[in-house]
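Right after this note come the structures.
Presented sequentially are two complexes of chain A, the first with chain B as partner and the second with chain C.
Our next item is the complex of A and B:
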């Protein structure tokens, strides 16, 4: 894993020097600001407003994450640099982890405006720190999962826009599982509900850290990273 | 030589394999969404399965050469290896998800432990020895109050599930066509009972309890309060306890009234302090009934003895002496029938006279100094003043089942008489307590108080501790005498079935501290008396701190503040990021 930091650094350089990153950052900050403002109505409960501020990413990450992850492996394949990368003494796992960590750090920077909003709320009135911490934990777990899914889609194609659309559809599909199964009590419906990320996210916002949700996010993220590494491995045989 | 184009029939049959697999999956989805009853045949799903199976199997048979060539190809071994690795890894992830969804813990990070169950509820759940199904009956509505009730209800029931494997939760949306079957099944279980449109119904093999919305969410003074945890815990207790315990309150000696509208007997110098509806014990009685107790009164002038069904006797601040015959009945109950009694004695300054219980208490090695009042020095802007209050803090609580859960609370006594333990001047009488010799111990101690024997409420002279006359600090205001504790049994065992024979006596040097006015302001006082009664009645699973209501408070903010924040978050922050992007672009151009 010694090569992971080097790949991460390379990814971060690429991110912060590319215009698309600033477009995503600005778009996220603007959309989040507009949606957050919807919760600002007197009288204000700072805890409820903070919960809403941390709930908004659940809508915004679906379009933002595919844009952020679409180029991670597709661009390398399209330019042919993936072959160069693979001939260096780095494993597929290191490549995948390096790119994942790079994208994750960029996403953390993307959430700085949310932190600003929470600081504003703190000045309005007293706030409970526990739900904020668990809320951020939930946001980061959700972000990690979405990045892993985006990375996997990026590994499947050399066309960036195709990768973006695939991961967008996949993420949207995960959300629609809830609509499909929300009023049903069958075992398949329970499975579909289990696979739906918002079902696991809501507790974090309240200040409840449930080991079921931790396991869900950790295992699905790990599974998609594993699949991405295997997708890269598959290229060797083509 | 170029590759031969795939014949059309082969392409179609290969697509048929995929279509068949899709139809099989669709059959499962349709079956799951449409049919609630597992044994009922769903013909649409059956049709999809048959069509899917025919297409998939037929396609595989017609393309068997393709499968053979895939398996015998050069890269087949590596491909199968990769496929197996992926399948195994995903299977392992699925297995771990399944295990973690069955065995889980929920950590509450909120400052006020909003989503943590209270110790009493946890004890009740841990003591469950039978399966309980909690059915949440609701209709999806836009009403925010119902929405909040549903959300909070599901939160609490999730916590219930995390505490015990005996609770199963299911939801019935009675407006949905799909849920009608289960709704009808539930109505049959409930019989003729009216079920409100929103309710939580707890059912066991033996019965059911319905908790309506009115007990889950209450609105008081414009504040919405969630009282569901308390209501659900109460319903579980009623449902799972094998016998309803009975508490008798002694009457006929000017004891504190159990109900608000009962007249308060006058007497004592502090009569004005201790009369009126605010000085009845109705809140305590209501809380006892919620804990599934039958609460009755006992007048020993009319009854020759304490009734056989008495699980605990409460003597709450008698103001006139209990006569010899009645004392014999109480002694007989305690000594010969291993009875349980809670005695609340007020100082003479409040009660106006002796109660006649002093001799009985001495038999259990407890002395009540009713001629003194517990006083505490308080620093005020006018200097050091004395008040007839005794505060029992954490260091004054004994390590006893009654007080173990009160560590984070302060128990506040007003006009309490000091007690002493283990200094009885009176030798045990013949025919005294039966069974193993009871052990008396201090339960509640006010470390900073003393027992003032010359207390005059209207006097302007500051009282001071007089070593030769007053009861020395610290002031004991609660004592307990009981046989040595037996080894523990199942917490839901019937009351008194799990203890060694022998009386249990709890003495508290005040009844005033448990009246409505005081317990409203000092909830720990109510918890103390509930824990005492539960301990005496042997309901150890009911010990702990009961749930309190949750309230949500809004903060007024000005329109100006909100408008400013909108400019900052919608224009200011995005503008900063755009400026950063332009800066990076300009730097790169150079």
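Our next item is the complex of A and C:
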């Protein structure tokens, strides 16, 4: 794992030089600001507004994360730098983790405006710390999961647009599982609902940190990271 | 053997790109992998570096099997792939820093090592520049500097001079030659002059098979016969007939220009008939103004091995 920081560092530097990344950054800040301002009607309850501010990412991350993650591996394959990268003494796992952490740190930067809004609310009135902290935990778990999914899609193709469309469709699909399974009981419906990210997200906003939800995000994220490393290994066999 | 390929084979789907290629490279050698476009040079090199797995056969570098111990293998190679892929948004020095870190150059010597490679490859003037804005020649130097960073046992360079202007080609060749004093080098090229200039040993690969493996000199000696060119004044037919009788001459081609005739005397590879021709001319009182031994160039060898009659037979 010694090579993870080097890869993360390069990934971050590249993000801060990438026009797309800035577009996503401003787009997210604008969209989130607009949605947040909808909550700013009297009577203004800071706790409700904060919950709303942390709820909004569940919509915004679906278009934002595919755009942020599409270049992670597609770009390396397309430029051919995957060849120089994978002929240095680094493992697939290190590459995947390095890129994951890099994208995650950039996403944290993307959430700074949300932090700004919460600080603003703190001046409006007192707030409960519990739901805020658990809400942020939820946001970051969701972000991590989306990055893992985007990273996986990025390993499948050298074309960035194709990568982002694939992960966008995959994320939408995960959300729609809820509609599919909404009315039915039975174990299949339960499984489908279990796979749906928003189903695990709501509790965090209420200040509940349930180990089942933690396990869900940890497992799915790890699974997609694992699949990404496998895809990187397997691409050699084509 | 520092580098060993044993029956390396690679299929792309049903297409056989590399067909049971075997060779060994000793420490200190500088070897050229020479072949026309699509011969399988890049495929072979990628299998050696472990980037592409072989369909069959095995390769090892510094005693480590490419398939079993890929990370160990990568520690011993400095590889510049075809087309020298780089990160265009990075600055040259920053890129080399990143690469040195990946290659495990210890932190305390990293700075010095990078400076050394920058100096050696002449990257100095552009070290602070963004790679995307570099000229092709400088980009190539950055790639070479990168290959050198880990002070590897083996340098593997896939077409290192492709797309450069003649001056830069010359500089790059000189650089590679100077590197070969400290490293074992394997370069691929389809430029004969390059292999002849840089390499002590040439592997000629064609349609996925090694068709020749020797020094450039030995290759031309072994594969093709030599020739002597003589320019003699006088009656072309008479002289030609006399020359044909000289011991060792296999064929005579004559070309008449004014009073002077140019004769091309084909001989066996290791025969030199110049002295005999001189005595013949002196005996008959013919004036002789040129007498040259030409040897088959690597180009002839290459042409013959990769296109024509000789393509199937192992020399």
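Quick notes on this one:
Note that the second predicted complex is superposed on the first by the 238 of 238 C-alpha atoms of A that agree within 3 Å, B and C clash if a C-alpha of one lies under 4 Å from a C-alpha of the other, contacts with A are read in each partner's own complex, and residues count from 1 in each chain.
Just so it is clear, contacts are C-beta pairs under 8 Å (C-beta built on N, C-alpha and C of every residue); 3 or more make two chains touch, one makes a residue touch a chain.
None of the values given here were measured: they were computed from a predicted structure.
When the two structures are aligned on the shared chain, A:17 is found in touch with chain B and with chain C. Once the two complexes are laid over each other on the shared chain, residue contacts for A:26 go to chain B alone; chain C is not touched.
Once the two complexes are laid over each other on the shared chain, residue contacts for A:6 go to chain C alone; chain B is not touched. Look at A:226: by the touch rule set out above, it reaches chain B but stays clear of chain C. Of the two partner chains placed by superposition, only chain B is touched by A:209; chain C is not. Once the two complexes are overlaid on the shared chain, A:133 sits against chain B while remaining clear of chain C.
Touch criterion met: A:86 reaches chain C, while chain B stays clear of it.
Of the two partners chain B and chain C, it is B that touches the larger number of chain A residues. Once chain A of one complex is fitted onto chain A of the other, the partner contacts of A:36 are limited to chain B, with no touch recorded for chain C.
In the three-chain superposition model, chain A touches both chain B and chain C at residues 17, 237. For chain B in complex with chain A, the residues that touch the partner chain are 28-29, 31-33, 35-36, 75, 78-79, 82, 85-86, 89-90, 93, 96-97, 100-101, 104-112, 114-115, 140, 155, 158, 170-171, 173, 176, 178-179, 182, 552-559, 561-562, 565-566, 568-571, 573-574, 577-578, 580-581, 584-585, 588.
Only residues 16-17, 19, 21-23, 25-26, 29-30, 32-34, 36-37, 40-46, 48, 113, 116-117, 120, 124-125, 128-131, 133-134, 180-181, 183-189, 194, 203, 206-212, 215-216, 219-220, 222-223, 226-227, 230, 233-234, 237 of chain A touch chain B when the two sit together in their complex. Residues of chain C that touch chain A in their complex: 46, 49-53, 71-72, 74-75, 77, 79, 81, 83, 85-90, 94, 98-99, 101-104, 146. Residues 2-3, 6-7, 9-10, 13-14, 17-18, 79-81, 83-91, 236-237 of chain A touch chain C in their complex.
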